[in-house]
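Each of the next two complexes has subunit A plus one other chain: subunit B in the first, subunit C in the second.
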Partner chain A sequence: MAKHDLNPLTALGHDLPEVIAIGPYLIKERFDVALASVAMRRGRDKDLAKAAKAAGVPLPAPARAEIVTPYSAFWVAPEMWIVEADFGSHEDIAGHLKLVLGDAASITEQTDAWVRFDISAADLSPLLERLSNLDLASLPIGYASRTVIEHLGAYLIKRRETEVTLYGPRASAQSLLHALEVTAKSVI
Partner chain B sequence: MSQVNRISGGQIDRTQSIRFTFDGQPYAGHPGDTLASALLANGVQLMGRSFKYHRPRGPLSAGSEEPNALVELRSGARQEPNTRATVAELFDGLTANSQNRWPSLRFDALAINDRLNTFFTAGFYYKTFMWPAAFWEKVYEPIIRRAAGLGSMSRLEDPDEYDKGFLHCDLLIIGAGPAGLMAALTAGRAGARVILADEDFRMGGRLNAETYAVGDQAGADWAAAAVAELASLPNVRLMNRTTVVGAFDHGIYSAVERVSDHLPTPLPGKPRQTLWRIYSAHAISAGGATERPVAFENNDRPGIMLAGSLRAFANRWGVAAGDRVAVFTNNDDGLRSAKDLQAKGVDVVAVIDCREGGDLLPGIRHLRGAEVIDSGGRLGLKSISVRQSSGKTEVIRVNALGVSGGWNPNVNITSHHRSRPEWRADIAAFVPGAGGPDNLISAGAAAGILSTHGALATGQAQALVVLERLGRSAKPAALPKAEDAPIAISPLWYVHHGKGRAWIDPQNDVTIKDVKLAHQENFSSVEHLKRYTTLGMATDQGKTGNVIGLAVMAELTGRSIPETGTTIYRPPYTPVAMGTLAGRSRGKEFKPFRLTPSHKWATEQGAVFVEVGNWLRAQWLPREGETHWRQSVDREVLATRKSVGICDVTTLGKIDIQGTDAGAFLDRVYANTFSTLAVGKCRYGLMLREDGMVFDDGTTARMGEHEFVMTTTTANAVTVFRHLEYCRQCLWPDMDVQLISTTEAWAQYSVAGPNARRLLQKIVDQDISDVAFPYMGAGNVTVCGGLRARLFRISFSGELAYEIAVPTRYGDAMIRKLVEAGAEYDAVVYGTETLGVMRIEKGHVAGNELNGQSTALNMGLGKMVSKKKDSIGMAMAQREGMNNPAGYRLVGVKPVDAANALTAGSHFLEIGAAPIVENDGGWLTSMVYSPHLGSHIALGYLRGGDQKIGRRMRAVNFLNKTDIEVEIVSPHFFDPEGERLRG
Partner chain C sequence: MIINHPILGPRDAQEFVYLGDANLINRPDGLTASPQEMHDYVYLRTNPAGEHRELWYHEQGDRSWLVVTRNTVTHEITKVELARDVARQMGRSK
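Up next, the complex of A and B:
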């Protein structure tokens, strides 16, 4: 951890991440996850697979997420993934990944490009069917996809039947949360 | 008034009473009533005035096809015009008002139009009000608009919220009558994901309005049991109060759920309506059929309604529309109405059956071979004139008449992909044609199968078809026994009698005469007929009138009905409020916001924000005592040029470009060369479109051998990224290039001015002297003792300037740190206005100049287009017309008299030249007041501008009525040699 006196703010503009409960829905802002994109360099599939395996960086199949430690990852495009790690230990996640993956991949820090909300409830359908056109009920656990929520491009990961992760654009964190809140209030 | 017309039975809760008002008069009804059924129960038949002639009108139907009984529902901001009383669910405290009348519904002054009807025939407005032309917009149209039309808007903001959502299913069933319920039971029991949607609040369709049995139960009871079973199946979603309004591509249907329309106001947080997008693998149209009337003279009086609706009011709502009732029919179904009403104890005084011969109804005066030729009664039906088979005419006193001309299957949704319905002579109606939406099939009355048994059987059969296609096995259950009467109809469209008006589309006041006039004037195609007469337009979309209109046209042209054809339906099936389509996107939430990393700090400073796309950027930051924006901007500009200014430039697009071919890739997408750029340096780049016009500009830095960071304009951040992805994926898939946007990942601040380096050196941990970090340098640094950051020595202002980027979460801390470190230099934070002033002083192009119609040459950047390599737009930029020496060139403009303010958009004219297009020399693109120069200055595109430096011209603006003498100067007003930024 770098030594400096700069105070970080969450995407919602506060010192601490927000936790919002609306009826059965729990919306937790996550501020403790570092992100980096890993895009395979052309023709380096074997090199990347080998290096990633050795370093414990999962590279899941299309539309899938793989949640392990220290690195988790979800697929975002052909030969491209977003890798997640604990922010406390991996603030410079791009630096960490470059060390282990070398030049087999193009790696870009994405930590602060996104706001992350973990949303949980016994039944998420009433909320999410009003926000995203993904057919949540039929999706397997570990599914990951792009989707659009109130005009905002987002990634949705189905972690459990009762929990999803949403990654939305950080600068629009308040707008995304607003959409989640008004929708949750309309279905409780 | 008591409920004088309430009779026994019906699916209403008589244990509870509901109070409501109509035109201020209090009435009572029961839960389960619609506004129409409750008003009829209270003896109110007159519910509105017609569109054109202001004729008194009552309900024609009992459902969503209603053309007549349109009311203004609710009051205040929730007032909604043109609401069909036949589908408005009654709730306690409901207020409704009639519309299109003055001063009252019973006495309407504009009923004079009815006397003047010969002037208001179809197309009258195409033929009249032709002279004088100037009168049309100012006089005629306002008068016509005031006289015509139906309800009025409250002009207040809708206080309710609307929602939207997305549903998925194996099978969408549209309509929950016997066919839909049977289909849902069959598919639901087999485990398929089913959505059953019905526009009514009570599922069951016609079973709720009929007396016949299904199995050993009353039809309505069977429907209720079926609904209960379906509700218990987890794979079935029941959606009542939900109208499927449109079929779209790939099995997508839109449906409007009226979540709260049956309540006085929505519950807190709940939407009034939800617009659902339903993704279905298969769909069954089971929307039933709509009865049509037979036209005869004065057939639009209150009390004259469809026979099946008369029956529905009696059976479902326990309402007799009158106490002396007659039925006029051309088919056996009309006879059912007479029988049901008689069984309910209503005095059925006659059945007028146009068909000759056959059995007579027992116990009812059944006139065969007879026709209703006219009716009487000013505000409600009092009598009908009947021409008997003998030719004898008889006036019969009645106050309600049911008319049945046969049933039209609801082919609406099957037509939404332009499938033409097909005529079936045996039922004298159109049925769904071939070529409808993929995987949409019809069942029951919607398919032209008009018996209850037929509905149950085809509902089950079509569900089995779907299950087979889904690969699911299903064992069909035994069908309950139900009536299976054959269709016995003798087509009769209108009664040939007299010269009076006989209505076919009461909502638009279209009569048989209008159809004849359309034919006479050669508007005989059904499409022309519709537009010329307005037949089938407005809220009911001709559900009851269309077929009669085209049948009349067929008769006039001597063609058959299939030859005449029919217009087809488009979405929506029933009217959809604009608010429902807008959903949550309204007001402040019309679109999402993007907030910059310094937003919180800027808000604390009282910054004035401007929308830049979805971004909110600080436009200027007023200080105490400043009363005009120019004071703030002038101060920010002067302070920056004098010492140092700070600006949040996060909004500029940032694209991370990596890969072993990244340099070569940039050579192809930029007009100038990047592969030769040294690591640790950045370069201004110009990007062209394929047509050679300038697309975007910005600086790109080489952070490593195979790693670049591109910046784009704020406006084009997305389009440039999309373009690069297209190039990478489609044009040159063999290149080793990877892209990702990092716009929001980094908080980036410009620090500009003579003291920029001194300020930044207090924050950056490394040496940033001119030697260590020269002009156009770029690199990774650390700040404040170790935070990773990026530094670029680039300048948009013309000053010694840097852009410093830190991870966004530290952006708030960084602006505070920069302001604190800059205090000793009197640093200011400036907004987009100051940014604009300084870039115009420096002659840099921005959005106004990057207008998509300008070349590099126009901008004075022609030399940047490298001919040593191929790049997008390079070839097309060589076209002769784009290299015209006398073409537009970017110039600077100053008023000769510094006191004169220039206006952007002004056009250049030579002094003394007439202000005509031929003399137009170009235009001013951007204008500001330069506090540094003490004058307004502008940039502009001037023909041959590079050869006109020093010339005096005029800047003429007709909109602002300004005509100012200007001097053409270099666009580089400030430090043209660039000494300051290299300092």
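Up next, the complex of A and C:
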């Protein structure tokens, strides 16, 4: 095997994830999460539900996220989810899932396709109501949906009243962060 | 305009992309259809002033295709279904 000494980079191109505080808003880049998409194969509802239950992979209802260990998941489309796990223990998340879910679902690795920002503040509404047409204040905890932020399609998960996760396209990581920063600065 | 998504509830039309007449679901079998039938499927659309069934794609949402029944005069939306369910009811996509 070729010898190399390459270092992994975060979505923003650095060695370590960025943490940015703007007024009350704390924006944390996360790169310790492995992702995979799980799409049910047609007619395999029962097989998939059974295998997922046995393996502890949650398959939440539409527009919901479920956070458990080692696997968390959020709904993205009918019969399709994105599963999250700790990168340290599940770097090969697609391989792990294929083992437990078998051919009841189609699985693709998504880890390096997204940039993840965890945003926290006592009140996130002033920031997010300017960025997305989801009405954050009225959404229940555990809500997950795709939305548009500036021109970018992103997934928003409401983890707590004071914390949301955004997954945006990794290739536009800096643009998404820019949108968050500019908006946060304008509302503080 | 608000589209009442059958799974996700009311969503802004901004999140959707419009494709056109829902009759696109009824593609004739390319191996048996006559050239005339294929031509009519590809090129001919009715353009009603009134109730119209059309395909919308929830691009910035759950990426589902919908069949939206909309009045083209008043923009009133009377029915929204998953295109998948509509197609299967018609015996397609088995």
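FYI, the second predicted complex is superposed on the first by the 183 of 188 C-alpha atoms of A that agree within 3 Å, B and C clash if a C-alpha of one lies under 4 Å from a C-alpha of the other, contacts with A are read in each partner's own complex, and residues count from 1 in each chain.
We adopt the following convention: contacts are C-beta pairs under 8 Å (C-beta built on N, C-alpha and C of every residue); 3 or more make two chains touch, one makes a residue touch a chain.
Just so we're clear, the structure is a prediction, and the values are computed from it rather than from any experiment.
> Which partner does A:A63 contact after superposing on A: first (subunit B), second (subunit C), both, neither?
So A:A63 only meets subunit C here.
> By the touch definition at the top of the document, which applies to A:N133: first (subunit B), second (subunit C), both, or neither?
both
> A:K3 contacts which: subunit B (first), subunit C (second), both, neither?
The first partner, subunit B, only.
> Of the partners subunit B and subunit C, which touch A:S72 in the superposed model: first, second, both, neither?
Neither partner.
> Is A:S145 touching anything from subunit B or subunit C once the two structures are fitted on A? First, second, both or neither.
second
> More residues of subunit A are touched by which chain, subunit B or subunit C?
Of subunit B and subunit C, B contacts more residues of subunit A.
> In the superposed arrangement, does A:S172 touch subunit B (first), subunit C (second), both or neither?
After superposing on A, A:S172 lies in contact with subunit B but is clear of subunit C.
> Taking the stated contact definition, name every residue in subunit A that is touched by subunit B in one complex and by subunit C in the other, in rising order.
Residues 133, which sit in both footprints.
> Which of the residues in subunit A come into contact with subunit C in the complex?
Against subunit C, subunit A makes touches at 62-63, 75-78, 133, 145-148, 153.
> Using the touch rule from the top, collect the residues of subunit A that touch subunit B in their complex.
Listed in rising order, the residues are 2-11, 13, 31, 37, 39-43, 80, 92, 103, 106-114, 129-135, 137-138, 150-152, 169-176, 178-179, 182-183, 185-186, 188.
> Can you check the complex and tell me which residues of subunit C touch subunit A?
Within the complex, subunit C contacts subunit A at residues 7-8, 12, 14-15, 59-64, 82, 84.
> Flag every residue of subunit B that touches subunit A in the complex, lowest number first.
161, 163-168, 269-271, 274, 277, 279, 584-585, 589, 591-596, 599-600, 614-615, 656, 658-661, 706-707, 734-738, 740-747, 782-788, 806-814, 817
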